[in-house]
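Heads up: the structure comes next, in structure tokens.
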Amino acid sequence: MLLGAVELIRENHRKLSELDSFGGDGDHGTTMLRAMENLKNSVASSESGQIKKLLGEVAWAVMGADGGATGPLFGSFFMGMSNGAGQGETLDCAALASMFEAGLDCVSKRTKAQVGDKTIMDAMIPAVNEIRQAADEGLDIPAILERAADAARQGADSTKNLQPRLGRAKNAGQQSLGHEDPGAVSVSLIFKGFMKGALNDGG
Amino acid sequence: MLLGAVELIRENHRKLSELDSFGGDGDHGTTMLRAMENLKNSVASSESGQIKKLLGEVAWAVMGADGGATGPLFGSFFMGMSNGAGQGETLDCAALASMFEAGLDCVSKRTKAQVGDKTIMDAMIPAVNEIRQAADEGLDIPAILERAADAARQGADSTKNLQPRLGRAKNAGQQSLGHEDPGAVSVSLIFKGFMKGALNDGG
Amino acid sequence: MTMKKFLNDPSDLVGELLSGFALAHADKVKLTENNLVVRAEPKAKNKVALVTLGGSGHEPALSGYVGQGMLDISVPGEIFAAPGPPKLIEALRMANRPAGVLLIVLNHAGDVMSANMAMEMAEQEGLNVRQILTHEDISTGPRDKPEERRGLVGCLAVIKVAGAAAEQGASLDKCWEIADRMERNMATLAVAVTSAAHPCTGEAISEIPETDMIIGMGQHGESGSAQTELKTADETAEIMLNMLIVDLSVKKGDDILLMINGVGSTTLMEQYVVLNSCKKILDSKKINMVRCTAGEFLTVQEMGGFQMFMARMDSELAELWDAPCKCPCMAT
Amino acid sequence: MTMKKFLNDPSDLVGELLSGFALAHADKVKLTENNLVVRAEPKAKNKVALVTLGGSGHEPALSGYVGQGMLDISVPGEIFAAPGPPKLIEALRMANRPAGVLLIVLNHAGDVMSANMAMEMAEQEGLNVRQILTHEDISTGPRDKPEERRGLVGCLAVIKVAGAAAEQGASLDKCWEIADRMERNMATLAVAVTSAAHPCTGEAISEIPETDMIIGMGQHGESGSAQTELKTADETAEIMLNMLIVDLSVKKGDDILLMINGVGSTTLMEQYVVLNSCKKILDSKKINMVRCTAGEFLTVQEMGGFQMFMARMDSELAELWDAPCKCPCMAT
């Protein structure tokens, strides 16, 4: 599941940096790429089949990418997912939803950002909400993740018309109007990657 | 006589800097302007009517312009002229020629440059030679200076097709081909100024 | 415009620059295995240690200030990106001691998040750390909303005075109080005239019209608030000084420290000219510039422009500012 | 491209920059009435004094090296133009003492002419002065024609070691011998990638194609010898090192000092990267880089590029290089 995200970020990192240049410092793609390479390496070297442990290692690896705001935010997401994951090696749909909710909770501890602030939260909050709803509706994991990916994509799209209120891009004012928030796009790519990954490796 | 030179340099300093930019450091006009302002101030504040003393003060003032190679070279010219000048307040034609020759001599002590090296010498040597010749021919001072100005102008023109072999522009190689040497142009302007000045103030 | 930088593989950039840095200043600093910058000769354990963190690409900041009288450990991040919590907690563990550790954090989202996460871990582990946040960019928020103000070159003043206090044996509380006093009495404003290229992407990090200057531009080329045509040194100094004076409520007779920080391609020559302009203006306002300096302390690659820093000084702060230091990029 | 510098009336530029410089470093230097830069606390009269001269616009050179362990008097000229003999003879008179004065002159036409004229006057007046000429730019002439070689950043090494010797009480002859030994064992090569604007005319002082670099570019943007497309740090370091090694006939096992001098907008980050490249290459050649440094020591406004300086060192020179100094822009 995780490695699908790596692939998509790799394909899109130039676009992410470009989006970050409208008022930000133009490095978001580079940073996400580094974070995802770290993620990949930590998955590859992980000896545990346990999801909880793996996600904890992934979280630390992502934070170790020294990625400005990105490292702690995305790292916290995986850290929260690790906290929220059970001890087993597989997941049912309800556990999946709880795990993602715990991820979002952990991110929320790091930032006051809400939907509308033009940050990762514009994609992450709807995506996680959608996971819970789809799980409650009884869908299977690939379908749940598909709904999440769609919601994240819509959330990222919605940032086009927003003015940033937090983070480095805050002072850009008009400059970023008409452009998506790079962090939100990253979130949507990651959820899309999860979906693709889930279709490939079945979980 | 001297102030005519000030006026002409003032009018042409931009062109001189531009010429210096083809391989040099682009400051010759600025420097000559500063040297000529100093010259003007020293003439204005000089209390002596004696040519020798005035020229000595002018030399020191020109050197005080902190003008890289230009200050010592043009300063030496006036310093030599001062050395070569008699004690009186006026000049005859032979004394004028000796005075300019002494000026050239003093410059020659500062540089190995000869005609053909693309420096001030390409204008100064023919101009001073011309003064001697015209004086020997019995012309009057304005006429002598007119001949000198022409010779200096031709000398400066001739630098267009030369490659520099001394000074900062030396390493420019091809870059300055087709352009006159700025220092030689300055010399020609100064002689033209002397001529104009001589016509105005009669000596 | 093509990027014209002398680089190798951009993904090794920070490692290479830190190796070169450690070579150039081997008498004063060394690198740990994990690329933390530490003193070549560690400070006595009975004195408070100073730690800071920050993105790379701002050289000589911040690692150039590791050394006697200033920092004990600098935790460099990637280009323009704060280091993550893993490196920072490692640094805090390494610095930990009974006398305590002062962590200096510039107010940028990434730095603050990393610092907060590391501080939570430090607390859990029982490390003796206090944190000070620098936020003095007057262009990004009002004085009563410090959380909106970015940390610019002012961190240097905080590091200098707190570092001097630590070197003199002050307690952690005292060091923190000094740092806090400096922080509350300082203000910075930046102006930018030309952009720089991001060394990893090669792209310009901001766009500035040919004949304009932007007042309030941030550490990484984030756009600022006011855009006007390029002005003279005197005019620019007047505008910026007035904004800083109002922000700090500096009055006739007050003593101030003024620092001109060139951010990249603006020459030292220009910085001295601006400093001279400031002196004339401050004299006319009867404000005492009791200390001043100019130089490239915290850069943004080859960006053109500078940061003007002002701080109200008391005699204790001035004395600590004057105290000796021996760091790679600052020594007296 | 419009010039984007913070300036006032260009005709007052040098005066303003020197005033700002003296303000910023009031603890170490002061200006005389005639704008000579002298130490705030003069050196003892029984020690040799060091004097140098040079155009302005190259900050921090040369006045930034006035202070304990280096220069006694710096005679700044106008922008890119050597000061004239009147100021220099004034400086020599001021410095004159029984122990003697060492005059350090960079090989540029104007500097040399001013120095020669002032030296002639000094001799007539019976002043006790010896002169040393620095000419180490390997791009402008072969080693056996030193008069064709320009003086670049190498003057700094000469000032450093001779200044240290003077501070330790060495005689004028000994100081001269040290300076001369350093001079004969050093070589510099410059590379430029972007031009700079002349602060008085606003014009570009050289033209460099968008994707090229020019090896051998001079102190003032005078064109160099070899033009190639921009290369990586490793490649550039390799080319330049090899040329310096050949020029100095450096052999396996030799001890060298290497200095990377950023000339303007090339970042300190890049300078460290290049230094790191040099170290790798020198290691592979088994040449010992016993000392090294990087920074902006002698700039050409905001020009992009750097000078690479190499010198063969013996233990005496290395010790003098390490000796303490306290100058505005160099301190240990």
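What to note about this one:
All chains are identified by letter, namely A, B, C and D, in their written order; residue positions are counted from 1 within each chain.
To be clear about the criterion, contacts are C-beta pairs under 8 Å (C-beta built on N, C-alpha and C of every residue); 3 or more make two chains touch, one makes a residue touch a chain.
Note that this is a predicted model, so its numbers are computed, not measured.
With every chain reduced to the mean of its CA atoms, the largest distance from chain D is reached by A. Between chain B and chain D the centroid-to-centroid distance comes to 32 Å (mean Cα coordinates, whole Å).
With centres defined as mean CA coordinates, chain D is found 53 Å away from chain A.
Between the CA-based centres of chain A and chain B the separation comes to 75 Å, rounded to the whole angstrom. Chains that are in contact with each other form these pairs: A-C, B-D, C-D.
Residue ranges of chain D in contact with chain B, taken from their complex: 11, 55, 77-87, 108-111, 113-114, 116-117, 139-140, 148, 198, 200-201, 203-205, 216, 218, 220-225. Residues of chain B that touch chain D in their complex: 14, 17-18, 21, 23-27, 29-31, 34, 60, 62-73, 75-76, 110-111, 166-173, 175. Listing the residues of chain D that touch chain C in their complex gives 1-2, 4-8, 13, 16-21, 23-25, 27, 56-57, 59-60, 193-194, 199, 210-211, 213, 230, 232-234, 236, 260, 264-277, 279, 289, 292-296, 299, 301-302, 304, 306, 322, 326, 329, 331-332.
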